[in-house]
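What follows are several structures.
You will see subunit A twice below: alongside subunit B first, and alongside subunit C after that.
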Partner chain A sequence: MVNQLYITAFYVLFALLAPPVTLGTICKVKARLQNRIGAPLWQPIFDILKLLRKDETLSKTASWVFRFAAAINCSLAIYLVVSVPWLQPKPEWGGIDLFTFVYLLAAMRLFTLLAAMDTGSAFGAFAASREATLSFLVEPASVLSLASLGIVSNSPQLNIIFGFHNMHAFHPGLWAISGTALLLASIVELSRMPIDDPTTHLELTMVHEAMLLEASGRNLLLFEYANTLKLTVLFGLSAQCYLHLIPLPVDSRWEVYAIGSVVMLLVVAVTVAVFEALAVKLHWTKAPDFIAYAITLAVIGSILALGAGGI
Partner chain B sequence: MSLSLNDLVAFSIAVCAILMVGSTHLRLNIFLFSLQTMLLVYLSTLYAHHHAEEHLYLIALALFALKAVGVPVFLLRIIRQVHVQRDAGTLLSAPIAMHTALAFLAVSYMLARQLPVPPSAGLGWPGATAAISLVCTGLLLMLTRRIALSQIIGFLVMENGIYLFGLTQTRGMPMLVEMGVMLDVLVGVMISGLLAFRIQKSFEHIDVSMLVDSKE
Partner chain C sequence: MDASSWHLPFTIGPYAVEIVTDRLSGVFLILLGTVTSCCALFSTDYLRHIKDKINLQLYWFALFLFVGAMAVVLSAGNAVFFLVAWEVMSLSSAALVIAEYRQHKAQRAGMIYLVATRIATALLCAGFLIMFSHSGSWSFSAWQFNEPSTWAAAAFILTGLCIKAGMWPFHIWLPHAHPEAPTPVSALMSGVMVKVAIYAAVRLFLNGNLNCQPLFYVLFVMATISAFWGVLFAINQRELKRLLAYSTVENVGLILLSLSLCLWAKNTNYPAISELALTALLLHCVGHGLFKSLLFLCAGSVDYSANTLELPRLGGLAKNMPVTTATFILGSAAICALPPLNGFVSKWYLYQALFASSMTMHSLVDRGLCLAVVGVLGCVGALAVACFAKATGVAFLGKGRTRPASDAKEVPILMVAAQLILGTACVGMGVASPAVVSILHPLLAPAESTAPSLALLQIVPLLPIGIGISVLTVLIMLVVLAKAPRQYKTWDCGFGSISPRAQVAADSFAQPITRIFTPVLRYNLVIDISGKDKRHFPEKIHVEPSMVSLLETKIYGPAGHWLDLLSIWLARLQAGSIHLYLMYMCISMVVLILLGTQLW
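So, the complex of A and B:
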């Protein structure tokens, strides 16, 4: 019982702390690789505080959808953080299955698209069309990579697939391939490099940031925070896949898993940052080539899962 | 029934080949081919260790020296000399070709399940799947590329597939056969590499799709 209490405290603490720090780590590592000092690790927290103090400007054509979308986006993201096992050990509450997870992400995207088109800005609508294109291209990769893990675990519940009592289901090749497919898919879902450069000055070419051009003040805060949470959940899930590569003893104490998953999350964040610093943004027509790699790895993972056991 | 280490290494060789089809960057292709051959070397030593077959160690050594290091270095030199970086590709674009290779992987899985499982070879089918898909992928690589160098790489991938089939199904062919095959491959690569260089000198490109009309 005392253990459960500690686990819950750990999870709540890190669910609050990890998202801004993960984003901060990516920005910091990227800055260092570009020979800049870079903002401190907790800069995202300062940004949140700054946005809280700002006034808000609303477009005249914006309807209630615009405000509603930001709120529902943020609440869906918080729901994902408490129910998806992106950090182990996770307390018992709130499990969802992999399809709910993928389509809740799609629901978040739907509301962002609605908000982007609601304000009547041409940039927003452009970006919305790009985001919609990317999302339907990448969907097979994210569903199949999670499904292949579900096949070997004989369950669609994310809590069971990633649970640490499932560590003995030791398929290192499958975890590596599906984890990489999931990581590539998350890069596309979050529209980061090489699909899109979130730090460029050209709003016309951007995907995620161009959709939020009209948002300001607390509205922007809600969108940004939702996106940070989504980033942490997606990268955290890939980190969990890589953590399963390490044959930890089945009866380890929960602290081992806790330290392992935090370290692995940081490793994934640093890897993504290094990759982003080295990569060049792909031409828009080349984006499907990149997604094709994610889909290929996911399909290979499924073939491996079907062959190796499960069903 | 979970996969053993051998089966996983065999599978990752096939994965390397499929990723090669997806990239038209010649240097990346050569690196992936080298990585694939290194994995093949590792698999050979694993088999040699498991079944106590000394001659597999020698074959692995020759594979490493010739195909994992020698041939890639030679091909990289040719690339530097003929100044090509990318392959334009024909007929199928790279992502579609990669998905076709996936379909081949599925087909070879079905074929491999039909094969009789050899005694003392473990599960049997994972190695056979990887080997058949490697042959198909090499063929696909040769068919969908324009540059003569990519076709050499495709040929080498096919050869790796045949070796992998022999290794996983029959614990490797006799030393003499294997050495002969390797010598043939080496000479073939040398000749076709020099040929590519000559084509570049006479026609100022190595695009084979423009070599269809014969000149009197």
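So, the complex of A and C:
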């Protein structure tokens, strides 16, 4: 009972702290690699506080959809964080399965697209068009990589897939391939380098940032916070895939998994940062080529899973 | 089963008129009743809008026949009665499609629809005749499709039903007929009529134990293509009702996918998978009936207020028509299968069935096929989100692109009420999905099985999702977004106010996706920039996108052309001479007598 309490406390604490710290880590590592000092690790927390204090400006063209979309987007993201085993330990009430996960993300996408089109700005709407294109290209990769892991775990429930119950079915090859497919798919889904550079300010090519061009103050905070949560959840799932490469004993204490997950999340964040520092942004018409890698890896993972995880 | 049947006191020829209702027809009858009531609520005000264009007496008469015939098709107990009702349903709906008969577009749509229904009925007749000669009975309950000699009949009937349901490649009548009909009829056709065909397929093949495995594979693959094809064309449409019609093609694909998986799993002895797939099928039939008619009614409201359904002429309706916008967004969310709405429940069961197949089925090829379809469905789902984001964004959000769109008013209370009822049903069926599934349960589990039912064991927790998300959203709106924002104009790069025409257009939103599928859509963009210094100061810019539907131009077009030539050639037989006609009759009598004596 006391143990349960600890686990829940850890879970909630991490749900609060991990998103800004993960984002901060990526920014910091990137800055160091570019010979800059960079902002402190907890800069995202300062940003949240700053946006909370700022006044909000709203376009006269915007309807009720705009602010509603921000609110529902953020609540969907919060719901996602508490129901996904995005870091061990997992949600105790059962969590959700991989299809619900994918469609909750789709719900976030629909409302972001609507908000982007609501202000009548062509920048936002074209960014929405780009986001829709990227997401439909990458969707098979995210669904198939999760489904292939589900097949070897014999369940579509995320809690069971990432539950370390079935370390006896130890398929490091599959976990590595599907995990990488998921990571690449997440990079596209979050429109980070090399699909889009979140640090530039060119509205004509940006995806996520251009959609939020008209959001300001607390409204912007909600969108940005939701995106940070989404980033942590997606990278967290990839991190857990890589954690399955290490043959941890099945009945370890939960602290072992918790620490392992934290370390692995940071490792993934640093890897993404290094990759972003090295990669150049792809031309828009080349984006499908990059996505093809994710899909190919996911298909290979599915074939391995169907062959009962041969390696 | 808890079927009840009545023999009516009159007959069609020598055959008794038999009405059979059981739980299966009950499910579809409830759907018919719900959608019809909402359409009735909607109609009174809506018809005032189009009363100059259509003949109201004819309209009401045909509509009454149409709805009545659908109810009879759903409860017909034998094939003869079924066919009569089926014909009344087809012909009355054709009359409704050409309600605006002065319009050339309506005439064309009516013609295409009539041809499609004729072919469908011919195939059904052929299949029914074969089955009658095989089993010696017209009663559906006596028909069994478990012998290879009945497979031809099954293929005929299935093709006929698929034409009516609008599966690829027989879907081409659907995007013509559905948009042309008056809106309440579009809602009934898309929401209920295509499901009637599905009902017949379930009734005949599931209860008749069809076991033709190759047919299941063909249906499985065609249904998947149908889903993808439908949504791909939907996103490229410029007219709201045509977009919705193509999205029906997608959803029919999903339903038929569940049907083929259900029959396939039953045949190869995986009762649990079959049950999951049947749950998906029934829930999607009802669910799609509700949200598609909701979306059609919203489109009707747009037509009522803004006088057009062309997306390039709409925009900015959200401010003046907040309720219609809200219900359209709700319908879009449901059709995109977003939790916690009813569209998600059925899609979730379909995913579960496919996932379970790819885990447990015996053959590796079958498992691979099912897993591949999971990937394709993911893609279809994302495209549906893009498609409905486009429809909502261009029609309802932003600034009005024309004067009527900017001046639109919210529709009368009864029309709003019809939309609200359907919207509530979509939410209710989603969050109360365990209750809905348990109502369907006696239908799903085979009577002889005692094993615990899989469908009841796995229920997606939509109630907590629904409550959790709505509470959080309200909290955020009240706490974080409490302060009223300062109003300002949309950023215009300092160039002065933006014209509504500078907003994204329906075509340009879909353009990146269209471009990727250039070979399938035959997409072509002609850009003509002219002027003396055309690089820096062009005087005239002309952009014209064009898209050719491969199926219509390469297959159906030439087929229609050859049919025309053939009928012109055959018209020579009709020379207008009574002597010639008497000779024809004599010759055909002789040939028939000869054939009869040879055959028997």
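As a working rule, the second predicted complex is superposed on the first by the 306 of 311 C-alpha atoms of A that agree within 3 Å, B and C clash if a C-alpha of one lies under 4 Å from a C-alpha of the other, contacts with A are read in each partner's own complex, and residues count from 1 in each chain.
One rule holds in what follows: contacts are C-beta pairs under 8 Å (C-beta built on N, C-alpha and C of every residue); 3 or more make two chains touch, one makes a residue touch a chain.
What you see is a predicted model, and the numbers here were worked out from it, not measured in a lab.
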Looking at the combined model built on subunit A, do subunit B and subunit C fit side by side or clash? fit
Which chain makes contact with more of the residues of subunit A, subunit B or else subunit C? C
For A:Pro172, select first, second, both or neither according to whether it touches subunit B, subunit C, the two together, or no partner. first
Could you say whether A:Pro288 touches subunit B, subunit C, both of them, or neither, answering first, second, both or neither? both
According to the stated criteria, A:Thr100 is in contact with first (subunit B), second (subunit C), both, or neither; which is it? second
Using the touch definition from the top, say if A:Ile303 reaches subunit B (first), subunit C (second), both or neither. both
With the two complexes superposed on chain A, say which partner A:Ser75 touches: subunit B (first), subunit C (second), both, or neither. second
Using centres of C-alpha atoms, tell me the angle at subunit A that subunit B and subunit C span after the overlay, to the nearest 10°. 90
After lining up the shared chain so the two structures overlap, which partner does A:Ser121 touch, if you call subunit B first and subunit C second: first, second, both or neither? second
After superposing the two complexes on chain A, what is the shortest C-alpha distance between subunit B and subunit C, in Å? 8
For subunit A, which residues belong to both interfaces, subunit B and subunit C? 288, 299, 303, 307
In the complex formed with subunit C, which residues of subunit A make contact? 55-65, 67-68, 70-72, 74-76, 78-79, 94, 96-97, 99-100, 102-104, 106-107, 109-110, 113-114, 116-123, 125-126, 128-130, 132-133, 135-137, 139-140, 142-144, 147-148, 150-151, 154, 156, 213-214, 216-219, 221-222, 284, 288, 298-299, 302-303, 306-307
Mind pulling up the subunit B residues that touch subunit A in the complex? 1-3, 8, 11-12, 15, 18-19, 22, 94-95, 98-99, 102, 105-106, 109, 125-126, 129
In their shared complex, subunit B is touched by residues of subunit A numbered 170-173, 177, 288-289, 292-293, 295-297, 299-300, 303-304, 307-309
Which residues, counting only subunit C, touch subunit A once they are in their complex? 315-316, 318-319, 322, 325, 329, 332-333, 336-339, 344, 347-348, 351-352, 355, 358-359, 364, 367-368, 371-372, 374-379, 381-383, 385-386, 388-390, 392-394, 396-399, 460-461, 465, 468-469, 472-473, 475-477, 480-481, 483, 485-491, 498, 500, 502-504, 508-513, 516
